[in-house]
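Structures for review follow.
Shared between the two complexes below is chain A, which has chain B as its partner in the first and chain C in the second.
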Partner chain A sequence: MERQASELFEEFKELTASEFFRRNKQMLGFSGKIRSLTMVFHELITNSFDAAEEAGILPEIKIDLKRLDKDHYILRHRDNGPGIPEDFITKVFCTMFAGSKFRNIQSRGQQGLGCSGCVLLSQMTTGKPARVTSGYKVNGEIKGVQMTFKMDVKKNQGLILDKKEIPLDSTGVCIELHFKDVSYSLSEQGAYEYIRRTMIANPHAKITFRDPTGHVYIFDRASEEIPPLPKEVLPHPRGVTADDLIFMAKHTDKRRFRSMLTSNLSRMSTKRVNEIEEITGIDLNKRPKDMKWEEAEQIVETFRKMDFMAPPTSGLIPIGQEQVEKGMIEILDPEFVAATTRKPVTYRGGVAFVIESGISYGGESGRLIGDQKKAEIMRFANRVPLTFDQGSCAITEGLKSIDWKRYGIRDLDNAPITVFVNIVSTNVPYLSTGKQSVAPEPEILHEVRQATMKVARKLQKYLRAKKAEKEEAMRSQIFETYVPIILKEAAALAETDVPEYEHVLAKVTRKPKILEELDDE
Partner chain B sequence: MNRKDIAINKLKSLGEMIIEDVQKMKVPAIKVPSRGTSNIVYDDVKRHYVLGDRYGKRSLGNVKQIKKIGQMIYMANFCKELVRSQKTATLRELYYVSEGWDVDFGDQQESNIVGEDLEVTLGMTREDLGLMPEEDGASVYGELTIQEGDLEINAMKAGKSGYTISPTIDEVEFVDHDVKRVIAVETMGMFHRMVQENAYKKFDTLIVGLKGQAARATRRFLKRVNEELNLPVYVCNDGDPWGFHIAMVIISGSAKLAHVNHELATPNAKFLGVTASDIINYDLPTDPLKDIDVLRLKELLKDPRYKDEFWKVEIKKMLKIGKKAEQQSFSKYGLEYVVDTYFPEKLEELEQ
Partner chain C sequence: MERQASELFEEFKELTASEFFRRNKQMLGFSGKIRSLTMVFHELITNSFDAAEEAGILPEIKIDLKRLDKDHYILRHRDNGPGIPEDFITKVFCTMFAGSKFRNIQSRGQQGLGCSGCVLLSQMTTGKPARVTSGYKVNGEIKGVQMTFKMDVKKNQGLILDKKEIPLDSTGVCIELHFKDVSYSLSEQGAYEYIRRTMIANPHAKITFRDPTGHVYIFDRASEEIPPLPKEVLPHPRGVTADDLIFMAKHTDKRRFRSMLTSNLSRMSTKRVNEIEEITGIDLNKRPKDMKWEEAEQIVETFRKMDFMAPPTSGLIPIGQEQVEKGMIEILDPEFVAATTRKPVTYRGGVAFVIESGISYGGESGRLIGDQKKAEIMRFANRVPLTFDQGSCAITEGLKSIDWKRYGIRDLDNAPITVFVNIVSTNVPYLSTGKQSVAPEPEILHEVRQATMKVARKLQKYLRAKKAEKEEAMRSQIFETYVPIILKEAAALAETDVPEYEHVLAKVTRKPKILEELDDE
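Then we have the complex of A and B:
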């Protein structure tokens, strides 16, 4: 039977963001049981870190993961941040695309969906409401509120079930969520490893984690320094697309397109704008809203052909050599550690980035597989561990291209080392929507290699010294064994007594010894 | 002082050197003459190879040398006890004994080398140190009486195969003899031929059956009869480069044993035959020279031991005719020919 268009369009509905992600949860990174739980940890931890740092507080998080049944967990996550005012709680946890992450700023967040995604996953898999306790200061006094709520997916907002004021003696947020269809794992992709790596890149934080078996892991703070907050920097002309220009045009308060360009992009002078006008023939005095897509494309095309100063790098806040080393020492307890932070450079001519690299050797470095230590590569983007899609990542590729034999590592895969690489950028070029691997831009590969090779040289020095020390000890051992035996036999041969030989032994083992003659002086 | 006392003193002094160094607060070291080819030189006056003056140092302060010193000292002590109790041990026995020491050897090859180190360091043969080779020496037939311990032996009364030279030849005393010369032959076949044809009577000679390349004890025996009993020594071998060289090692010693050649070489010994000239003069049945024979002959031409005119002529002549002959090839003219005709003619020629 034929159906009319009007009938067909009765089924056409407008989707809210929440509804969309309910149907496409893999786009939030929630694919696979292990990965889903890791993503939940990631979202909650980064939000807590960001909140604490913005408020100037050293982050401290307590996580409690209980297992009720196979696949069924309760997660309790508590931080010591500034807390969330009562009116904003459901906005933070139930509204997708809320918050302040649509800026050209170095940020931990990768999806901009954050906590609301976690609440959505909890609700979809268990149907249970979320419970949040928030302590926050109002006029210097701590206010405490506890509420239970669900997410109204169709309206993209929260539905409060229960709410009460409670007395609290500190600020911070505590959220309790039920999950099914997730799995806690100690594997490289699991939640535990995620926390461990997070702690290396964030030595100023403290996390206490109780795992489903009841074991409590305390990851202590290795540094008391709160990292400076990243500053927003204007995007560089080389780093924008036509779509970005149209977006800017829609939201700008400037009257003319030319003033919008100079105020919204870095390194964009009036002289440059005039050049663009001359080359493209577009009237840049028109109102931004009148800008056509084709014109935007043409302008971006022109950007590519022009010479601009490199983008400002003031917005990039690396972890820093000392902090990376502290983090690695705290978590890996190695025999040797070295790290370096490179100077900022750009990829694609317009996006600034910094590469930091660290190597630790011995102790807890490397991954224990069976009874064999394997090398471990820890990748980070803006301090956030990248635990999936290792193979295609620029960091992995850069590290594998290094001739490790030159640095005393005969076989990288089977060495007890951990290699740490962090890329810091306002705009990390991810390879795929999962945002778990960095695109192999030539400049990034080069920086990864240079940074790692520099620390590898220090490792090589250490390994050489260690080998020499071992040989020296073996050498001493040989003398200490043979000298007495041989002298006893030589005395038997000469048919005399064994003479005093301590001084000769000291001489050959090169161990300084105060001789009697010296005592007489 | 007899050889036994000299050996004991030398061994003892090795230990004393080390102890004295320690008392002087010096790190002990032993100088071991180098046995590398570049340190083996031909001494024109002595007419045999000797070691040059280069030496290596084994220091107690060197991690790679300390074990070698230990091995040497242990071995020296073991040898001292051997000599003192008048016993001997083979190199193989020494190797097994060393297993009980605090410094041991990886294999027998290693212990043999340390044995040679000890020989060159002390300038004594290993027989003097109580270390014996496995193999016996040559057979001797003729009017010679010797004293071996309590036993008196006459080389005419030791059976048709004669008296076998013992590895401990230096403990043997020559008591009496009634010969004018010594003829050593390469093969036991020729030895028995000479015994059967009464050559010992005809030429007043001792007959020595070398059994191929002469053992150290055999060479020591030939040197002693030459120098102690003043008897001329003649060597008769196959007429080929290998026969030449068996004679030459008896006369001028080997490069490998340069450090003990003064105890082993008999520079006065003479090569009787078979020479290339003999092959021509006696029209002997021959075999053509093989490639390896030619190669060896050319090597001999470059060897300083063969620089005499006699050798140069004979080697070149053999290369020219391209032929070699065995000593038994004289049988062409009957079994007796070699004793009845060849030897008398050659002896007359050499003793002029």
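Then we have the complex of A and C:
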């Protein structure tokens, strides 16, 4: 029984982004009870940090997680950021693909999905509205507003239930959400560990967290230094595609293609534009909209052949070697720590990134499984912990490809170490919507290896020195045990007194302290 | 220097789904040259199969992949399906989140992203428009239309460049797309292997593929049986959430909540509704829109406590044991094959699924790496090969957790076997937008294990019998070699003739053929 096309297309329809993700919430990272709650923490913390730093404020967050019932929680998340103006509140929290971060700038979030995803999950599991309080400055005065709203998924927008002005004496956003079907856990993928790792990579932030048992954890600042604000950087010529040029041309307000090039790309001077004109023979005085695809392709190909200065790195703000070490010391209290920050390089020809790596040994380093210490790999992207999809991530792949035996680590999995890797970029190539793993671009793999191997060499030196010290100690021990006996027995045989031997023995066993004491006598 | 909220929100904007995925094409599975091309094959084949089967047609696809230049290809993909009516062509190929498959029905695609994703990738890498020819029946007559179009990403819709009616004598869609920055490969993750696996799970389909060297592969049908059309099934009460009930209530045309329940859920009779009314004390004669969240929750909780018949399985069409074996024999030519199809069960309480598993041994089974045969795991969801993200998939996890030694396989990775697993469901819980791995729901893991262990037991029997046969053969060999010598020497010693011994020897070595021959003499 054959059916006609018209019949099959009767059911054709379009979904909004919210409807789509309501049917596919796992694509926002909401799968599994523990993971879902961790993702909520991730989205809210990330947004608070970005907003505070962008406004020039040292971030401070207070989180209160109450358990009302098995699997039923109320989360209150309050930050000290610049706040959200009234008109934007439901857009931020109820409209998917809406946001202020769609620029070429290094930021933790970029997709306009995070906050609205949390509200969607809350609504899907409890039917409860979200309650938001926002304090924000208007001409220097603080305005306060409180509203409760739901998400209208068929329209991909908010539905305000209640709204009132309230007096507030500081800026910031406080959101209160109910969740069911989620679970708070102390495991490696749980919300607590997420906060702990966040603090390693953000030693300038402060988080106060009250867990469901009522215990209050205060993660204080290890540094008062607010990270410099990343600047928006223009795309590098080596990083653009023909499609990007055509897209730019379609939406630019410049009247000539040449001025569009110089004002939309970095490292692009009039001199370079003239060179391009000469090489390609294309008249760059034409109107942007008249640019043909083939011409755009020719220009991009010419970009590939020309030497440009590397992309400006003012857009990239790594944590920095010293701060990584501070963070690791504060949280892991190790006996050895070393970190390094590589110089910026590019992947796919023109997207700049920086890899930072740190290794700590001893103390709270590693993960305790049973009574065995295992290695712990902490992955970060723009200071955000990546908790899931470890297997398919460029960072894991890079680390696993290192020949750890060369650095005195016989078996990476079973070493009592923590390896920290952070990728900093305006454009981290995530593998999935959940933003939990980095695509294995060859340049990224290379940098992860180089950075980590450099730090591993320091660890090797430390481990060697530790081993040598131990052997030295054993050697001394032998001398110290047997020399006195031999001397005493020899003296007894020779029927003389035991000679003064401590000074000589201390010299052989290299104990400067004993030597000093002896010299002082 | 603190900045105010108003300043930060100046840049706030909304993206369309197309703009979003243009910035995040890796979320559609387009990352890496080989993977990108495989994803294109996947999306187009999947859509052609679904359309043909839904229309009641045995699917036949002709694919022609031409290489114009390094990394520059033209793909022509033609099917014999019901075609697409003119008005829907650009919606199918240029509007994201639009489709006809947003129902509770088992189909390969479900997300309204696939075809438009291919057009987006083509446009992003070559700037070339897509060309589509569609033949479709209107009142029994075939109408033909050809158009070229681009995607307007800012509007998430198509932009028709050219359109004309053309005479056609059969229905179906032919699409021609240019791609750059992709790569055809014979590797496990390449387009060729994708087609090969597709044919194992779809023995009723025919694909003719001309590769870039001009070689034509014809994968013919192993079966003329068109799979029964899966029926749309109403959601099972155990599978709905309070949010689903509220969502239904908001959009139903029923005037009473009780009639909404009986007409929107499976296994829900008036008798059951009365029981629910009694248990909860909620008046179910109320209007759907008057249903409160708490009431919906109470009803869902009551669902959980009631006994319902399992979900109707008319919606699930597994490939079937015999067809899986046919597919594996056709493509792998093994010395042993066995398959099984489990009974439908549910995950998350009410989503029905079926697991099918098959194992083949010998012949073309396994993957040749160097000159070593390794085990090959072929994962499928609703007959679609899953090629990427193997590590995080429930199927892989289930298989790895089996104690293969118990079945005579010392080391799964290095066994010359192919393991086939297919999950059939109206609602496969994918882990990512790329639809390449299945979420590890406990019930799915359980079924993958049970199905595979059942087939593994058969393999074990086969391997044991093979071993026993080999030992038997060795034993016979010894008798056949030494008995004649001993007899001859004994005869010589006794100075008599050698007696007739073949008949007795054949009986001992159990060679019926020789026995027959001897008896015939």
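Rule of thumb we're sticking to: the second predicted complex is superposed on the first by the 371 of 521 C-alpha atoms of A that agree within 3 Å, B and C clash if a C-alpha of one lies under 4 Å from a C-alpha of the other, contacts with A are read in each partner's own complex, and residues count from 1 in each chain.
In this text, a residue touches a chain if its C-beta (ideal position, glycine included) is under 8 Å from a C-beta of that chain, and two chains touch if they have at least 3 such contacts.
This is a predicted model, so every value here is computed, not measured.
Participant: In the superposed arrangement, does A:E495 touch chain B (first), chain C (second), both or neither?
Facilitator: first
Participant: According to the stated criteria, A:R475 is in contact with first (chain B), second (chain C), both, or neither; which is it?
Facilitator: Only chain B is touched by A:R475; chain C is not.
Participant: With both complexes superposed on chain A, which partner does A:V483 reach: first (chain B), second (chain C), both or neither?
Facilitator: first
Participant: Under the stated touch criterion, which partner chain does A:K163 make contact with: chain B (first), chain C (second), both, or neither?
Facilitator: After superposition on chain A, A:K163 lies in contact with neither partner.
Participant: Looking at A:R464, would you say it contacts chain B, chain C, both, or neither? Reply first, second, both or neither.
Facilitator: A:R464 contacts neither chain B nor chain C.
Participant: More residues of chain A in touch with chain C or with chain B?
Facilitator: The partner with more contacted residues on chain A is C.
Participant: Does the superposition put A:H503 against chain B (first), chain C (second), both, or neither?
Facilitator: first
Participant: Give one of first, second, both or neither to describe whether A:T241 is in contact with chain B, with chain C, with both, or with none.
Facilitator: Only chain C is touched by A:T241; chain B is not.
Participant: Would you pull the chain A residues touching chain B in the complex into a rising list?
Facilitator: Checking each residue of chain A against chain B gives 475, 478-479, 482-483, 485-487, 489-496, 499-501, 503-504, 507-508, 515.
Participant: Quick one: in the complex, what on chain C touches chain A?
Facilitator: Per the stated touch rule, the residues are 1-6, 8-17, 19-20, 23-24, 26-27, 31-32, 51, 54-57, 82-85, 88, 91, 95, 97-100, 102-103, 111-112, 123-128, 136-138, 153-154, 171, 241-243, 246-247, 251, 293-294, 296-297, 389, 391-392, 429-434, 439.
Participant: Please name which positions on chain B make contact with chain A in the complex.
Facilitator: 11-16, 18-19, 22-23, 25-28, 60-61, 63, 66-67, 69-70, 73-74, 76-77, 80, 102-103
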